[in-house]
Structures are given as structure tokens and as C-alpha cells.
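By letter and in written order, the chains are A, B and C; residue numbering begins at 1 in each of them.
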Amino acid sequence: MLRVIVRRLLQLAVTLIALSALIFVWLRNLPGGPVEALLGERATPERRALLIKALGYDQPILVQYAKFMQRVVTGDFGNSIRTGDPVSEVIGRAFPATIELAVVAMIIAIGLGVPLGYLAARHHGRLLDNLSIAGTLLGISIPIFFLGYLLKDVFTQNIHWFPPSGRISTGLDNTNVTGFFVLDGLLTREFDATADALWHLILPAFTLATIPLAVIVRITRASVLDVLNEDYVRTAEAKGLRHRVIRGRHILRNALLPVVTTIGLQTGALLSGAVLTEKVYNWGGLGTLITDSISGGRDYPVLQALILLAALVFVVVNLLVDLSYAFIDPRVRVR
Amino acid sequence: MSDPMTRPGVTSPRDGSGLPASDLSAGDRPGVEEKPEGVTRDLGRLGDRKKARLDELARATADKGGVSLVRDAFRRLRRNPVAIVGASIVGIFILVAIFAPLLAPHDPAQRFDELTKNLTVDNIPGASSEFPLGSDPLGRDFLSRLIYGSRQTLFVGVVATLIGLGLGVLIGALAGAFGGWVDNILMRFTDVMLALPALLLAISLVAMASRSSQWTVIFAVAVVNVPIFARLLRGSMLAQRESDHVLAARALGVKGRSIVLRHMLPNAMTAVIVQATLTLSTAILEAASLSFLGLGDPDINRAEWGLMLGVDGQRYFEVRPELAYYPAIAIIVVALGFTLLGEAMREALDPKNRR
Amino acid sequence: MSLLDVRDLSVVFQRRGERPFTAVDKVSFSVEPGQTVGLVGESGCGKSVTSLAIMGLLPKRGNRVSGEVLFEGADLLKLRPDDMRDRRGRDIGMIFQDPLSSLNPVVPIGLQVAEVLERHRGMNRKAALKEARELLDAVGIPDPMRRLKEYPHQISGGMRQRALIAIALACKPRLLIADEPTTALDVTIQAQILTLLKQLVDETGTALIMITHDLGVVAGLCDTVNVLYGGKVVERAARHELFGRPRHPYTHGLLSSVPRLDSPRGERLHAIPGSVADNIPWVEGCAFAPRCGNVVDACLEGTPPLEPTATGGDLRCNNPVSEEVAVP
């Protein structure tokens, strides 16, 4: 078990080091060179020389790489070109917004996806099954930013159920502790703030949940269909066990194993989707930060940090998913 | 946005690659072959009626053995309504793209005075007899742009998929054919690419270029799919390295290169073709997403659905939502078409469904 | 009253767009309390479907079951699903062919035994596990305390089948159905499992329906044997009658294809030509006719009836093997 963890951690480190090397090469090969990318085309030669020295671009390439890696490891990505603030601060401000959105979206996707997938499989070939297949196909074929606008139009313009954008109502004086507004409200006992934050979360989270939801329904359905044909389910029936026990202990406990892997992989879809969803709902998280860092002149220090962070999140989540297998599948534990 | 369909397939390449054709055709045939002989001998003295029926039976069983996997799959595909719907959508889409100049009532780039004179920031002319779907924000015929849009959309989707497929197949084939350290290095490389969420990878690639163009979009969407194809092909080829027909070829002294080219690659390609069909749909969606983020093709004359939806559709959603609806519906239907066709192909090729 | 009385049981599989397929065709047989009855035939003859129909375990859709399955006088086919659920595992136990796939891979053995006790005997988890330990001990699993916490992949094939037997017999059912219980096992283990089954059945007085294609299994175990072909009973006889004087050409063929220690050296085994897949529907004649060496014209004209024989059995054949012909 320990050996598996160590091996996976090493693999993870190799992946991240390789990625940071790629980013290093990428930054060195920006159009017009890194200095021009930072200063713009009309900088004076003196300023250029100053920046080249400051960034250490006059030193041998390997020394530069070593310094770059040193800064990456300590989380020092320099200052944002756009705002001048340290990159870590800029990202730190946006991080909770995206995580809050992604977590709620994932809860929706799992909470609806698993029961729907199970029901579809149990109704194999009948109306509910066909509807769920049609729904999942539509879910993965619809551009989610369009779905976002559509939902926004219906639920905020035609019927005013939800607020159109933002994370919290203006004028609501909520205390900021962790940056996670729902959590902050609970911590400070400002429950109105929690309710308001959740109210703002619903539409964006549903939009973001679309694709993971569709995928989880599909995988759950396929997996349950496989398990239903297994001999041990017939054994369970032959024992005369109650539906509840057969469903939970014998069908779902086996059928959810592939679903767990899928959930890990959907982190990627969530991070991609967040970029689009946040723009639709003006959310102010990492996704918005990425869009702004590109369209308002390329803010490379922020971009490289965001790319590394996204990769780190994805890889770590999937590592955790794989490790959790050791606890839910006894066949893995022995190996 | 390519995550949903493709990524699950990546981690379990066995899904698509468990299809070595000759493994199947080699199945339990001998037993079938023996039957007719033994049966007819015993039947010599029986009535002709019975004999005819058994001959029929024998022919039916012998026939089954001769059908190859692909032909068998194609036969099943033709009977599958899902495949027919998917193929029809794709077919119509391609026909519209080919005959766009004949179908479109106007030049898609021409700005009409009748339209521009009524055009303001918060009023875009709607349908009229001359312009059935009204105007776009620059006073051009929206219907014509939609029809011509099918060409560019098809172009972006196909070229991006082909580039991704080409690079991915190259990497995957090298890894799968050589194994060992070549495999190790190439797969670490794809791991790094897979560690980045698809859209973020595409965004970073676009950001590499000083300004975006149609080709930066195509290239970015293509590269996102490279690791997926590479993984898929490698998985399929590795599975075949151990399979009987490759071992047999090797035992017969067939050269390594020709084993890879003649035996392993063609078998692995069925899975790749299925994946490519599915990728066409995600490529179109991804290009639309990049346009939406302002990283798309800056050419204002270009009519492409993703561009129309992502730029004008978004900007004028409050004023004239049709500008978003029509390209969105077009994209959804076409993406659905490719997905249905791909899924039906995957199902037809799945040995589990062979009957 | 018989413990189990199966009357004219038929199962027709009907899938949309396909021709209906009659897997079990008016099968009748009965099981007395404590008796061991064999259902014998090649794969595809309907023996497993018969057992699943008795247990009410056929898929809910795509098939039609008719006839009567009287268990202690009550027709199981007419029970509400929940009432049948109460009986399964309590009144009738069942063990299956492949012990590995028949056990849930992610649930400890102990719980898989205990859950039947919890369900039918209202025990709490602790008491059920204690009883499960004794059950595992009774079926000859060494160190049962440790096995309780182990998973199916951690124990051997023979142990798994013993665990399944423990599960099936946990609630002391009056009837046990064993569907090819030894087919997936090594030959050495097969004998042990059969001995165990026989011993347990004798000790508890449980009636047993033994489903097998292996006449060797029947020879050591069964009181009465039903031979099935193409979904119909073709011959029924007491064990010694069937082995001594098989009347149906199919039974005769089955027995001739079993290797015997006392047959002369160099003599070839007889194989029945063809397979079950070659049979014709019963409506058009005897289903066995295409493979039969004794075939006469009447065999192609409608189904021969199942008629009582002089020795107390039943036979469905126009031209049976003569009683004088001994098994080669």
C-alpha cells in the first residue's frame, strides 16, 4: 500500500516537473520574446536591459531554469502585469470562488447522476431509459455557455427566481473569513449570507454540472447494467434479500467503482467548464481570471501559475480517487 | 469541453480497443464446421423435407463464420435506428456544406442597405420575405451566413480532428510498436498533456500565438486530442502484441515492421475511427468555446457557427436571441449527429454485441 | 403430498422482433421430502431455466411462464413477488455453477452468509455472524473465524463453493436446488463437494434437485432422474433402472459416452452426433430425431407422448432401445 502511494507520488512529481519545464520553454519562446511580452513593443532599450537583468535572462539557460524551478516550488510567480499585485494574491482571491462553484456543481452531478443512471438501468429499454439517454446526449452536445445564457434568460429575465450574476447580493455585509461565502456564513453565523450565496450558486452550478452529470448518468447506467447481469446479483435474489439490501450492498457497491474513477476525471471538465460558466455569470473566479489574463493583453505570470495550478488540482484529485480505491475495492488492497 | 466523451475513453483504452478482429473470427468455428456432415449422414434415409431444412441450417451456421468483424458491424449498423439518424444528420450537414452556394439566397459577406439602414445597437432587423432569418449585426443576410457557416464549421472540425488524429496515431503507433522506454517517454508526455483540462490546454496554446487566427483555433483544438488518440492506439496495439494472430505472424517469421503495418495498425484503426467520429463533435464545440472566450478567429467576414454563436450571439443575446439560437441549434444537431454515429459504430464493433 | 410438484411448466422467451423460443416445454416432475432428484441433459436443454422458473428468478420481462409449481401445495408462480422473496433462501435454497462469480467480490464472506440469517431469521448482525461462523465450520471450511472477514478472491474455488453451500443451507430450507455445482471445480474438489452435499442433505433431511450434464454426479447421488431434451422430459426412471436399462436412445447415448473402467481396452467411446443446436421444434416431430440412430418415420410426425413404462418410469419415444440391450 505504502509503496503504491510512493510510486504514484513520484509519477505525479514527474508529470508536474515535466509540465513546468514545458511552461518554462513556452515562456522563453513567446512571440517577440519574454521581455517584449512583458513590456510591450514600445519599451525603451534601457528598460529592456533592466528587465533582462532583473529576470536573469542574461544568465546561462540552466541557471535560469534552476531559478525558475526554485520560484515555482516556493509558489513565487512574480507580479501580475495587469494589476501589479503578486500573482499568488491574485490567484488566492479568485480560488475560493471557483472551488465553491465546482464543488457544488459536482455535488449536483453526483447527487442527480447516480440515482438517474441507476433508474435508467433498471428501466432498461423503456421510456425512462430512453429519456435519460436522450438527455445525456443533449447534455454533451450543447455548448454550455449557450445553456448558461438560456438558463439565465429563463430564470432571471422571464421568471425572477434567481439572481443573474455575481456571488452575493450587493449591499449584503458579509464577513470574509475563508473566501468561501457559503462556509463563511456558517462560520460567522450570518446565515442570511449563506442562503444568499447558495441562491447565487444554483444557476451557475447547474450550468457547470451539465457535462459531468451527463457523463455520470451514462457511466452509472452502463455499470449498473453490467452488474445486473452478474451472478452474485442472482445469488442475492436467490437468498430472498430485500430490495434495499440488494440495491445498496450488491448492485451499487460494485457498480459505483467505475463511477468513482469518472468523478476524478470529470475534475478536468469542471475546470474547463468553469472558464465558460464564470464568464456567463460574471463569477469572478479562476476562470474569469484566465479570460481576463488573455484578452486584456497576455498576463503571462498569472497564466503560467493558473496552468500549473489547474494541472496540480487535476492530478491530485485523481491521485486521491485512485487511492480511495484501496478502501472501497478489497481486490486492490491486497495487490 | 472535450473532456466528457473522450476522457473516460482515455483511461480505459480497453473499451474501444478490445476489438482485434481476427481473434473473433477464429472463435469456436471448428465445432460448427463438423455439424452438417454428421447430421446429413444420419439423415440419408429420411424424407427430403427434413434434409432441405438441415442443409439450410448448415449453410446458415457456416455463413456466420465467414462474415468478418467489420462487415458484420456494418450490417448491424444499417439496422440500428440510432446509426441511421446520426448518419442522416451528418449526411445532410455535408450536403449543405457542399451546395452552400446553391442553397444560400445571398452572398454571406455582403452588407445590404435595406438591413443596415434599420440597424442600431439595440435593434437588429428580423425576418422579411427577402431575408427569411433577418439580419446579422453588420447588416448581412443571416440565413446565408448560417448556410455558408456549415462549410467553415465542417472545415474546422475535420481539419482539427485530422491533425489531432495524425499526430496522435504517430505517437501511439510508435509507443505501441516499440514498447519499452520509447513507450515510457511518449506516454509520460501524453500524461502531461492529459493533466491539463482540455479547454485550458487549448487556451494556453492560443495564448502562445501573438494574435489568434483560424489556424490557431484549429491547431489548439487539434493538439487537445493528440494524447487521446495516442493513448487509444497504443492501448489497442499493446493488447494485440499479446494476441494470437500477432504471435502467429511472428512465429511464421513475418518481419516486425510488416507485422505492425499489416496486422496491428489496421486492427487498431477501427477504434481510432470511432473516436475520430466522436471527436468531430467535440472539436466543433471546442472551437465555439474559444470563440466565446474571445480567442477565436478575428476575421469578421468568416461565417462559422461557433463564431456566430460565441461572438455575435453572446453580444446581442438581449437584443436578438435568434442570433444565438440558430447557430446553437445547428451546432447541437450536428454535434449530436456525430455523437450518435460514433456511439452506434462503437456499439456495432463491440464484440459483446456480436450475434 | 409431494414437497414440490411441477406440473406442465413451460417457459417461452419472447424478445421483440424475434421468434418466440420455448426453452421449457410442459415439464412435469415431483420431489418428495428428503428425496434427491436429478435433472440431466446437455447445455441448452432447459434444465437451468426450469430451476430459475421454480425460484422465480427469471428476468421480469421477455418471457412467459405457465403451468404450476406447487410447493407444499401452494403455487409459487401465483405468489406475489414479495411473498416469493420471503420464501427464497428460507424454504428453497439454491447454489450455482461458478462459485467465484456467484459471490459478491466486495463484501466479506461472513456478511454474505450472515445477511440471509438477518433477513429470514431476524437475527442481529452479531448473532448472525456467530451463526455464520458455525455454518462455515459445518461445511468444512477451516479457520472459519478468519474467513468471515475475508473476501471471495482470497479463498480457493472449493472453499467458495462450500461458502455458497453454507449460504444456501443457512436457513435450513426444505428444498435445495443445485445447478451444476461442481462443473467449475477441479476434479478432486468435485468429489469432496458432492460428498459434502450428500452428507448435509442426509443430515438435515433437505430435498435436493441436482441439475447436471454429468451422469457421474447423478449416479452417486440421485434417487430419481429426469432426462431433458429440447425442453421436454424424454425419460424418467429410478437411478438403478436408468443406469441399468436406459430406454430412450438419447439416454442410451449419454451413458455410452461416459468412459468406464470395465470396458475393454481399445474400445472407442460413443459420441452422440451433432448438438442440441441441431434439434427441431417438438411440434414438427421428435426434437432428437436428427441425431437419433433409432429414428423411424413416425418420429417426424408429431411429438411422441410421455408414457409410463413397466418399471415405474416414464418414456417419450416411438422406438425405444430394447430392454435387453445392455449399456456397452
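Just so it is clear, contacts are C-beta pairs under 8 Å (C-beta built on N, C-alpha and C of every residue); 3 or more make two chains touch, one makes a residue touch a chain.
Chain-to-protein mapping (UniProt): B = ABC transporter permease; C = Dipeptide/oligopeptide/nickel ABC transporter ATP-binding protein.
None of the values given here were measured: they were computed from a predicted structure.
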Third chains touching both subunit C and subunit B: A
Could you find the chain whose CA centre sits the greatest distance from that of subunit B? C
Go through A-B and A-C and name the pair with more C-beta contacts between its chains. A-B
Going by C-alpha centres, which chain would you call the most central? B
Averaging over Cα atoms per chain, report the distance between subunit B and subunit C in Å. 49
Between subunit A and subunit B, what's the gap in Å when you average each chain's C-alpha atoms? 26
At what distance in angstrom does the C-alpha mean of subunit C lie from that of subunit A? 54
In their complex, what parts of subunit B are in touch with subunit A? 1, 3-5, 7-8, 11, 188-189, 191-192, 195-200, 203-204, 206-210, 281, 285, 288-289, 292-295, 306, 309-310, 313-314, 317, 321, 324, 328, 331-332, 335-336, 339-340
Spell out the residues on subunit A that touch subunit C in their complex, using ranges where they run on. 230-232, 234-242, 245, 249-250, 253-254, 257, 328-331, 334
So in the complex, which bits of subunit A are touching subunit B? 11, 14-16, 18-19, 22, 26, 29-32, 137-138, 140-146, 149, 153, 211-212, 214-215, 219, 261-262, 265-273, 275-276, 279, 290-291, 294-295, 298, 303, 306-307, 310-311, 314-315
In the complex, go through subunit C and note every residue touching subunit A. 55, 57, 85-90, 93-94, 96, 98, 101-108, 111, 115-116, 119-120, 151, 153-154, 164, 167-168
